[in-house]
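Pasting the structures here.
Both complexes shown next keep subunit A, but they swap its partner, so subunit B is in the first and subunit C is in the second.
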Partner chain A sequence: MALKTFRGGAHPPERKDRSSGLAMERLRDVKLVVVPVNQHFGAPLQPLVKVGDSVKRGQKIADADGRMTVPVHAPIAGVVKKIEPRTQSNNLDGPCIIIEALPPPAEGQPAPSAEDLTEFMPPLDAFACTKEEALARVRAAGIVGMGGAGFPAHVKLAPSKPIAVVIANGAECEPFLTIDERTMIEQADDVVEGVAITMKIVNAPEGVIAVEENKAHAVPLLEKAIAASPRTRAGMKIRVQMLKTKYPQGGEKMLITAITGKEVPSGGLPMDVGCVVQNIGTLCAMVDAFKEGKPLIERGLTISGGACTKPANVVAPIGTPVADILAAGLAQVDEEKLGMVIYGGPMMGVAVPNYQIPVQKNTSGVLLMDIVESKHYEEETCIRCGRCMRACSCRLSPALLAVAIEAEDYKEAEKIGLLDCIECGTCSFVCPSHRHLVQRFRVGKQVLRAMKQKEAQNAR
Partner chain B sequence: MSVIIITVIFAAILAFVLGIALGFFQKKFHVERDPKIDVVRAALPGANCGGCGFPGCDAYAEAVAMGRAPTNKCTAGGAATTEAVSKIMGVNAAAEDLVAVLLCQGTKEVALSKGEYVGIETCRAAKLSTGSIKACSWGCQGLGDCVRVCKFDALSMGEDGLPHVNYDNCTGCGMCVEECPQKLFVLVPKSRKGSVVLCSNRNVIKANVIKTCKTGCIKCEICVKQCPEKCITMVNGIPVTDYDKCTSCGICVQKCPTHAYKLLEVDVMGEKKKVPVLTEV
Partner chain C sequence: MPAKPMLLSSSPHSFTPVSTPKIMLAVIIALIPASAYGVYLYGFHALALILVTMASAAAAEFVFRKLIKASTTVGDFSSLVSGLLLALILPPSTPLWMGALGAIFAIVVAKEFFGGLGANPFNPALIGRAFLLMSFPAAVTTWTLPQGLVVGPDAITSLSLSSGAVDAVAAVTPLGIVKSGKTLADVGTYLGAHTDAELFKQLFLGYHSGSLGESSVLLITLGGIFLLAVGVIQWAIPVSVLASTFIFSWLLGMNPLFSILSGGIAFGAFFMATDYATRPLTPKGQIIFGIGIGLITAIIRKFGGFPEGVTYAILIMNIATPFLNKMRVKKYGFVPPVKPVKPSKEASR
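This part shows the complex of A and B:
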């Protein structure tokens, strides 16, 4: 099988060996969850419950009208203790619904049955229902892109242009993270089914499961699942495509370039080149939403890093403070060595002050980095070596962009492609002067957006 | 010698011809310009600070002369300039000297940090990546974006990690108000007397405020209850003084358990705070 890839990129140390052989473990008997109300990329939600309400597992607890909104559901059955602002995994304070699990029943009392405590939607056959019904189900299940961005899945699945290829993103190019790999190995059938459902919804003739070369051992399992799937027997075309191991191979645009050879136009979306890209976790969540009617109330994540003495792949309810996962003994941390906590991957994730912050819909991993791994280097001046330009996965010129932003010439930065930057962090990673390039671009984008807003207001 | 004479004669003829041509073209391509623009421009201080929202004094003068801008926008020039410009334009405008006040007392000692921040040393970048460097999401980031934009040398970074306003130099141009990503500066009339709460923490949970900052407003509302003039109300989680009624009695300042309340004329603008100033920001 020929290995496909994109131009540019880098090879950060993979460090996946620490957790890639570990089966996913389910966290049970969660006592308390802190569910952020806003876990998607879009308009804010309103809580639907009050303090003191008892909620069932899977009950909708926050929602709002609007195209770019996705409801949030109760991950455990219990009582709403508080609704207050807490720090979320993006370091900002946001409203959170705090649910405490029901206490164990007293002696002699029968334990409430699982059905009494659960409120799932009725199952729905994705292949028999209409497209509208299917999209409504995806939204009602609260599904967002679980790779990190948290983009509402029902918006992605309603493209305004014809789709030729559905790509399942199993590249998982971030170092340390192994949760997608484990999902592909342990739930290969679900992955294939998820691709088939997506293909049905967007009416695409082809499905591709993209896997990086370092996860080659998952390929036979996926191929077996494809061969056994009733969907492929019914004529659906799904195949596995092996890709070169390189960061950021799992970036949506890079993945499309590698597989189809087409480039997503500047300012465009994958649908402009006839593609829909879905994360492996998202696909499995969709399968659950249709088969069991189960909303997105739990997700898999990798806990790893140098200070993590016992790494793990965990399936935990959304909202579980990561400290509770550690307390349950599924993973262990050496506090002495702990230098930094990162939610997400090491390249694009967010460094947070502690690991009390809950698991969110888009938390693909929690990294407990040791002191050596979290070492910072002094920022020095650009030596014009051009490494960032060679490495940039979007074929931009990070050095020039940084100069433009430092000179506060945001119009120039926009002209040379600031808004096309996907903030993958490759340029900062390869920079021998340890320049904070991505941070500059993020500031630049923010200022540019504010400027445009102001201009639009003035024009009115 | 003759070369010099020829050159002088030639240059004189050339200058004469070009002078006629220039005079002709000046008449021919004359652009009508409102003489008011120049008069207004002359009344402006010429600092080109941008505080009025226009790119420099020329642009503002033109906007005023064309009637596109109010006459009181030049904060750098203050009341005197506003009066002069209003007189030229023949309008009445309320003129008041403004100054900027920082609504945060979260110095390094009293406000807890979230963690060590390593990155671009600007408040905007720090806020974008960390939410807030301090445990308080509303607090001053202390990296001096305001100091860098101040054109009048009125702001300096103190060793305590907060910017300090020099009220002799502050013209109330509003550049710092605009720049601060936490929106911690407000413009108040220089003559204002009364109490003000130097805190912007809008977290409604008392415990969360106490955890993050020793001088934060803990929403106890003692000030509201104790004010003899009943001029303090809670607005959006922060007590706000009604300056029409405030008599500067100082009861709120004494009663405030975290010393978040201060008197503008005494604690903020009056006393020259002796804070060692960092030379570089």
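This part shows the complex of A and C:
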């Protein structure tokens, strides 16, 4: 199979071998969950429960009106203990609903039945219902993009332009992370079914499962699942496309370019080039939402890193403090060696002060980095070597962009393409002087947006 | 819970193993064949000149930055590269003190005055050479015969060289011979090559008078290929410099092959024009930069007062770098702005 890819990019050390061979393990008997109220990209939610309320597993506990909102559900059955601000995986404090599991029944008492403790929606046939019903189900199930951004899935699945291809994002280009890889291996049928459901909702004629070369062993399993799927037998066109291993191929824009050769226009969306891109975990969550009526209350994640003496791919309820996954023995950490905790991958993940922070809908992994991996470099002067210029997959001339931002020349920065930066961090990774390039761009984007907003207000 | 505080920093949390000192070391390694050949051709004085310029460059940077109370940067090895490059483009007989002076001028005036590494608009080694060329024109244009090369008496008479040129110290470079109005055949006679093919082979291998490290096109190209292979330089500049020198020399009626095999053009293409701080960053800019260098070199060689023009060609194109940096590639997903149909929107406001 000819390998496709995009222009630019880099090859950070993969380190996936630590966990790629480990089957997903389910964390059971969770005693306590800390569920952030806002886990999506969009308007904030309101809690629907009070302290002291009993909640069932799958019961909606936070919601709000508005298009860019996605409800949150109780991941376990129990009692709401507190509603208070806690540190979230973006290292900011936000309102969290803390639910404690019911204590085990007293001696002689019958254990409550699973039916009493769960509240799922009725199953829905995605291929028989209307598009509106399907979109309503996706929203009601609390599904967001699980790859990191947390974009509301029901918004993504209601494009205003015709869609030619649905892309399943199995690139998983971040080092260390292997959860998408494991999902494609262990739940290949669900991945294919998820692609089919997405194709049905957006009315796309083609589905492509994009897999990077370093996960080539998943391809035969996916192809088998495609051949066996009732959807492809009914005529739906789904195929696997292998890609050259390169960061940031899992970025929506880069993936679309790799697969279709088209570029998402500046300021535009994937639908502008007829594409919808879905994360592997999101596809499986959608299958659960239709088949079982189960909302997004648990997810798979990779726990790895140099200080992680026992790496793992774990399925845990949303809101589980990662410390509890370690306490349950599914993964182990060497406290002596630990230097840094990252939620997400090493290229775009967020460094946090501890691993008490809960698993969220968009937590694809937790990395416990050792002291060597946590090495921090002093920023040196730019030698103008041009490595960032060649690596930037958006072709933004990072070296020149950084100069413009340092000079506070935001007009020039905008012209070079500051707002087109996808913040993948490739420029900072390849810089031999360890310049804080993407870090400057992140701040610069906020400043520029604020400036534009002010200008717009003044113009009124 | 971790017992000690964790490192917090903005992503990415992974870093390339490439660093500035490693890049500079790669350049020094790439220059070893050409330098060693220079030492073989011209003996101990050549080695001393290399060591003196490198040491003076490093010392100048160290002392200057101490004086202005800036951080010490000698550890990035960039001053060593500048010193080595300067030695390799000077005549092998250059007095040691002169080499040291050139290196100090290159580092202090051409580099540190502008803010040090990465901030200098002109190539420091070339500025060092240009400075010496203007200050001591005689010394920096006095050439030495490589060891073992005997120039026949008939060549001396046919070239009507002064007797001073025969005393085994002074010699002429191939470009110098052509500049004085002679032909390629005369160059061949001077170097003991009987045919054009033999002459080109001798020029390619580097057995002729010239600057310390720039005579062997073969060894320079090997160093250049090494730098290309390890990703320190890209092909755009060397290829455009050599191609445009070839083409413009041809258009100006010079032998194009002779033009790229003689003088400092190969050395300039691989090691001088590719200098990070002074070449454009954008791919389009780099190609125009290279074409400009070839064009100016050909013009200087044809019409200028000096037989060689690479130094000034690169320095002149260095001036254009900030402008060439405006020639950015089209960014990802670029949509050309739609020109407003109405002549002015101001009126409607």
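Observations on the structure shown:
Just so we're on the same page, the second predicted complex is superposed on the first by the 460 of 460 C-alpha atoms of A that agree within 3 Å, B and C clash if a C-alpha of one lies under 4 Å from a C-alpha of the other, contacts with A are read in each partner's own complex, and residues count from 1 in each chain.
Operating definition for what follows: a contact is a pair of C-beta atoms (placed from the backbone, for glycine too) under 8 Å apart; a residue touches a chain by one contact, two chains touch by 3 or more.
Bear in mind the structure is a predicted one, so any value in this text is a computation, not a measurement.
When the two complexes are overlaid on their common chain A, residue A:Ile342 makes contact with subunit C while staying clear of subunit B. After overlaying the two complexes on the shared chain, residue contacts for A:Glu380 are found with subunit C alone; subunit B is out of touch. Applying the stated contact rule after C-alpha superposition, one finds that A:Gln439 touches each of subunit B and subunit C. Of the two partner chains, subunit C is the only one that A:Cys431 touches; subunit B does not reach it.
When the two structures are aligned on the shared chain, A:Leu92 is found in touch with subunit B, with no touch to subunit C. In the superposition on chain A, A:Leu396 contacts subunit C only, with no contact to subunit B. Once the two complexes are laid over each other on the shared chain, residue contacts for A:Pro353 go to subunit B and to subunit C alike. In the superposed model, more residues of subunit A are touched by C than by the other of subunit B and subunit C. Of the two partner chains, subunit B is the only one touched by A:Glu84; subunit C is not. Subunit A residues 91, 350-351, 353, 376, 436, 439, 442 lie at the interface with subunit B in one structure and with subunit C in the other. Subunit C makes touch with subunit A in their complex at residues 1-16, 18-20, 22-23, 76, 78, 116-119, 234, 276-277, 281-282, 325, 328-335. Across the complex, subunit B meets subunit A through its residues 114-115, 118-120, 122, 124-125, 128-132, 135, 137, 203, 205, 208.
Those residues of subunit A that touch subunit C in the complex are listed here as 10, 12-13, 91, 175, 253, 257, 263-268, 323, 335, 338-342, 344, 346-356, 369, 373-377, 380-387, 389-390, 393-397, 399-400, 416-417, 420, 425-426, 428-434, 436, 438-439, 442.
Within the complex formed with subunit B, the residues of subunit A that make contact are 84-85, 87, 90-93, 350-351, 353, 376, 379, 436, 439-440, 442-443, 446-447.
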